[in-house]
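Naming follows writing order (A, B, C, D, E, F, G and H), and every chain is counted from residue 1.
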Amino acid sequence: MPKEPEITVAVVMGSKSDWDVMQFTSQSLSSFEVRHECRVFSAHRTPKELTEWLDNLEGRGTQVIIAAAGGAAHLAGVVASQTLIPVLGVPMQSSALNGLDSLLSTVQMPAGVPVGTLAIGKPGAINAALLAIGFLARADTTLRDKLAGYRKDQAQRIVHEQLP
Amino acid sequence: MPKEPEITVAVVMGSKSDWDVMQFTSQSLSSFEVRHECRVFSAHRTPKELTEWLDNLEGRGTQVIIAAAGGAAHLAGVVASQTLIPVLGVPMQSSALNGLDSLLSTVQMPAGVPVGTLAIGKPGAINAALLAIGFLARADTTLRDKLAGYRKDQAQRIVHEQLP
Amino acid sequence: MPKEPEITVAVVMGSKSDWDVMQFTSQSLSSFEVRHECRVFSAHRTPKELTEWLDNLEGRGTQVIIAAAGGAAHLAGVVASQTLIPVLGVPMQSSALNGLDSLLSTVQMPAGVPVGTLAIGKPGAINAALLAIGFLARADTTLRDKLAGYRKDQAQRIVHEQLP
Amino acid sequence: MPKEPEITVAVVMGSKSDWDVMQFTSQSLSSFEVRHECRVFSAHRTPKELTEWLDNLEGRGTQVIIAAAGGAAHLAGVVASQTLIPVLGVPMQSSALNGLDSLLSTVQMPAGVPVGTLAIGKPGAINAALLAIGFLARADTTLRDKLAGYRKDQAQRIVHEQLP
Amino acid sequence: MPKEPEITVAVVMGSKSDWDVMQFTSQSLSSFEVRHECRVFSAHRTPKELTEWLDNLEGRGTQVIIAAAGGAAHLAGVVASQTLIPVLGVPMQSSALNGLDSLLSTVQMPAGVPVGTLAIGKPGAINAALLAIGFLARADTTLRDKLAGYRKDQAQRIVHEQLP
Amino acid sequence: MPKEPEITVAVVMGSKSDWDVMQFTSQSLSSFEVRHECRVFSAHRTPKELTEWLDNLEGRGTQVIIAAAGGAAHLAGVVASQTLIPVLGVPMQSSALNGLDSLLSTVQMPAGVPVGTLAIGKPGAINAALLAIGFLARADTTLRDKLAGYRKDQAQRIVHEQLP
Amino acid sequence: MPKEPEITVAVVMGSKSDWDVMQFTSQSLSSFEVRHECRVFSAHRTPKELTEWLDNLEGRGTQVIIAAAGGAAHLAGVVASQTLIPVLGVPMQSSALNGLDSLLSTVQMPAGVPVGTLAIGKPGAINAALLAIGFLARADTTLRDKLAGYRKDQAQRIVHEQLP
Amino acid sequence: MPKEPEITVAVVMGSKSDWDVMQFTSQSLSSFEVRHECRVFSAHRTPKELTEWLDNLEGRGTQVIIAAAGGAAHLAGVVASQTLIPVLGVPMQSSALNGLDSLLSTVQMPAGVPVGTLAIGKPGAINAALLAIGFLARADTTLRDKLAGYRKDQAQRIVHEQLP
């Protein structure tokens, strides 16, 4: 395990294959200069290692956890049950049911243990980062200005798009 | 319109009939003594009044917005497009499609405009409050202690439940 | 922004990538010599630019608006909430849920703000144009004759198709 | 069959039991003083009577047809195939599949024969009337003013709703 | 139109593109030496030509009609409404919703106008032929023997399949 | 077991509770004076009794078998695998998934063993009888006349229905 | 917590409200005289108490665990990740999505951590008991005889059911 | 047919094409040195051969049967109805409905005849083997140790995975 630096956002995914999509979470966080760490832990296959990692996050200053998984996607819910740090969930697009299973397993949490769920796949991966940034920006005017700038850029790009 | 006090969490729902469910958001926020305001605005029928209300939230100290709607549930997304304050969405259980339409319309947001979506109906209403509290608790140790206490109580209740 | 000529049908899509499908709306309108304009605006990312464009449509003689979007497809509903011009919606085929999310987000509008929704993807793109033409043809016998001709041609093509 | 007066909007439903919902189409049209006629014809059980009725609509000045059916809801599509008058479809909430069958059978029309589809059940019944009125209002400023008034009233009602 | 020979089974599909799948209906009928004819007619685009063709089938000795269509698949239902000859439906696999729309539009017929529906796509295309043959075989012992032979061959093939 | 009379149509359902719906199959057959027998056999719980009953049907002159079941509805498929008599399936409306499970388990049969599937629940129960009658009517002009009469009555009833 | 007797089957449910359905698991086990214990533990709200209980099951002679939960039903999967004792899952019928969410969250487990999933609701509750008994019966001829008797009784009941 | 050796686990699939996926069941069983046999039998096309094979399994010492099928996947249920040996089901990913039909046809069994169902496709194929092994391991400490080792290896692999 690496030495444990401060991280503001902790990103965890259930399988290394989720990185294809979750790299966009990391890129989005990096472009806002938010310190973060991406790890692979499985709710089912490495529950102990997951718990150990989670237990240290409070001490590392983590403000938001982003958890991504597919199929019977228990990772975000299991994470949320073990920490008071707010948890955002990203359902991966599963091969059989196109991510409907991942979505329902992530979002339909019982009262008491919330997971704020984003869209299936890449849009959700980006938006988990942006929602985390939105929370951090409440107490950080520099980040708020960057977020406002991001929104404006986004709008500008669309406005200047030319249809053939 | 009432005079505008400071509110930490702003709750908006698309129809007065959503109150049956969304009162649990309000109750949960109240039990944690979080200042909040609940309003009815429709993304489609009162877009201007909605915008006006949203424009004042930054000045009123709002840290999280919770938006609830059913059917083609655009409210949370439309709110998210007009503010940098983080938005949580609660899909209402619709009469025809049991809330699947509400869920998909709320959660499947495009990259750039996130809505952290909770479960359909009452569990989601409670969890939206708890996730908002989770975020606020990052900077408020009293709230964090309360949240830890709530989790413990919840666990105790389950542990002491007797099956017949 | 181009100078604003009269346009009978206004076509708006949520992303440039929708053009692959929505070009068939444009081609269909062109083949009936209906003046139209195609633009990219996002309900969420460029709400102000969208509103500005919509506000001018009455003055430009627009009779029908066609709006296309995917995922949590709020564009058609948001457009319908801001204008009295009738709105037709085309759900794009989304990558994760095959357009079921787009369809439900577009069609399940609450009472008061209608969106006449067409099929998912290319058939819907063509049919949005044809339904708009059907409305215009009520007051334009030339157009009605063309539409009748189109229907006949369509039938002829099928009748003369030879199976191997 | 009654003598055939001029009707601006023709409303057809597949079964008398649909009237519980489709009366709201009629009420909405009546409140805007739009001349209309409501009839029960089945695409499958009375195809000839349906065709006869449709053939007379052009001569009776009909501008829009609204068709409602449930289950394998072919009525709107069959109507659209027999007339150049624009057709709006209202999917009825079916007993077995909650209207998903009605919705897909109505909206997923092939290119060439459009049906502008509204929401399942009562919201769709009201919105079909409003969309028809929206089209008629293009050429009728009195109607356009009424529609604008309706929208304002609707907004006012929501704004003045008090949560408990 | 070709001269009209006797045909025991009439096969109709909504689009020439359905032939890729429906050729298996034809091959199955041919392998049982059942006289049949395959035609392309659209319930929506060529309703008159369809009706004309159907009206002649009684005179041509047709015992079963097989109808295949995709999307809002009205063809089988529309055929069933115009004839007393029993109708079997084959839902085509649609591009957007994988044939769920085709299936529901074909099978969920209202009481009074039955369509015996087979599986989506190729298995359904083969089985429509086999079910038609099953009916014909009731009054034709030669055909019954062939069908029994087909079943035995099928079983033999499976029994002799070697896994690697 | 009762003495075994000739029966033209054999009706089998997976559970006695299906009779609430399947009585409409029996009533429809009775109203056309088609000899039939209704039995309860389970594909899973009484496979041997089912097989024994099926083995006698050829000898009893049975022309069509109608099989109804819910949930993982294997009855129609299992029946079809054991007889050359054509099999029609009626999916029962299940409590959990509204009959979607019953429908897919009945209709999605592999190539080689067809089940002609009707709508979920009561409409399907009636239509299974009518489709069986349609087949029988091919060789029975009295039955064909009755069927034509039934269709006309059905149309008349709809035509004379008065909306309030 | 009660003193810990030997239990052959351990039954755990996520909420006391699941008892309405899960009592049928208990009744089925009791009628076969299988020692068992039913407990309420939540994967999310009492993860530690759950783990403690699970850790003792090996020592108490448990051969099968049955886990029931609804919504984002992680209980069975979380249990399976913490024990080598085989786990069977029963998806509860959820209020919003009729148990589709419970089913997918329970059954779509990733490779490595199996949950043998039964039907949604009461049939699944009974069948989880019967499948557990089936496993135990492999090494217990008395139990095997009872199971054979149960099957015969079940068949007898169906055979003797009289339709009205 | 091969001479019939002792087999602890019997694997049956409905079609040779299922081998692409079901080879992973076989590989998993082999890697735990569990004696097994893989066969192709169809519930519908080779019911007699299937029954004959099943009838011999008790005598061959079989403890668990694994059955895999797609579409209207009756194989596991039909197997379960003919034996007291516990049955696990693996739904194959079907071409039209992505395996939703296979899953529902396998898992939604009526009370009395359980099928322990695993995930759709490859994860389910592996997990069926592992669940069978889990049962066998109850009475076999060597196997239990291997299973514990497998779990640890699995965890190790994840822990050592490096994200780019």
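Criterion: contacts are C-beta pairs under 8 Å (C-beta built on N, C-alpha and C of every residue); 3 or more make two chains touch, one makes a residue touch a chain.
Just so it is clear, the model here is predicted, and its values are computed rather than measured.
Student: Starting at chain A, how many touch steps does it take at minimum to reach chain D?
Tutor: Between chain A and chain D, the shortest chain-hopping route counts 2.
Student: Which chains, if any, touch chain D and chain H both?
Tutor: E, F
Student: Count the C-beta pairs in contact for B-G and for A-G, then report the pair with the higher count.
Tutor: Most C-beta pairs in contact, of the two: A-G.
Student: Does the chain C and chain D pair touch with the same residues on each side or with different residues, judged by whether over half of the numbers are shared?
Tutor: Mostly the same residues form this interface, as more than half of the numbers used are common to both chains.
Student: CA centre of chain A versus CA centre of chain H: separation in Å?
Tutor: The mean C-alpha positions of chain A and chain H differ by 35 Å.
Student: Where the CA atoms of chain D average out and where those of chain E average out, how many Å apart are those spots?
Tutor: Once rounded, the distance between the two centres reads 34 Å.
Student: Measuring from the mean C-alpha position of chain C to the mean C-alpha position of chain H, what distance in angstrom results?
Tutor: Comparing mean C-alpha positions, chain H is 50 Å from chain C.
Student: Provide the list of chain H residues touching at least two other chains, using ranges where the numbers run on.
Tutor: Answer for chain H, listing residues that touch two or more other chains: 15, 42, 45, 71-72, 96-98, 100, 107-110, 112-113, 115, 119-120, 123, 151, 154.
Student: Would you mind giving me the full set of chain pairs in touch?
Tutor: Every pair of chains in contact is listed here: A-B, A-C, A-G, A-H, B-C, B-D, B-G, C-D, C-E, D-E, D-F, E-F, E-H, F-G, F-H, G-H.
Student: Could you please specify the touching residues of chain E with respect to chain D in the complex?
Tutor: Per the stated touch rule, the residues are 14-15, 42-45, 47, 70-74, 77-78, 80-82, 94, 96-97, 100-101, 104-110, 112-113, 115.
Student: Which of the residues in chain F come into contact with chain G in the complex?
Tutor: Residue positions touching the partner: 15-16, 19, 23, 38-42, 45-46, 48-49, 71-72, 95-98.
Student: Can you tell me which positions in chain D touch chain C when the two form their complex?
Tutor: Those residues of chain D that touch chain C are 63-64, 84-86, 88, 103, 107-120, 122-123, 126-128, 130-131, 134-135, 137-139, 144, 147-148, 151, 154.
Student: In the complex formed with chain E, which residues of chain C make contact?
Tutor: 93, 98-100, 119-121, 123, 151, 154-155, 158-159, 161, 163-164
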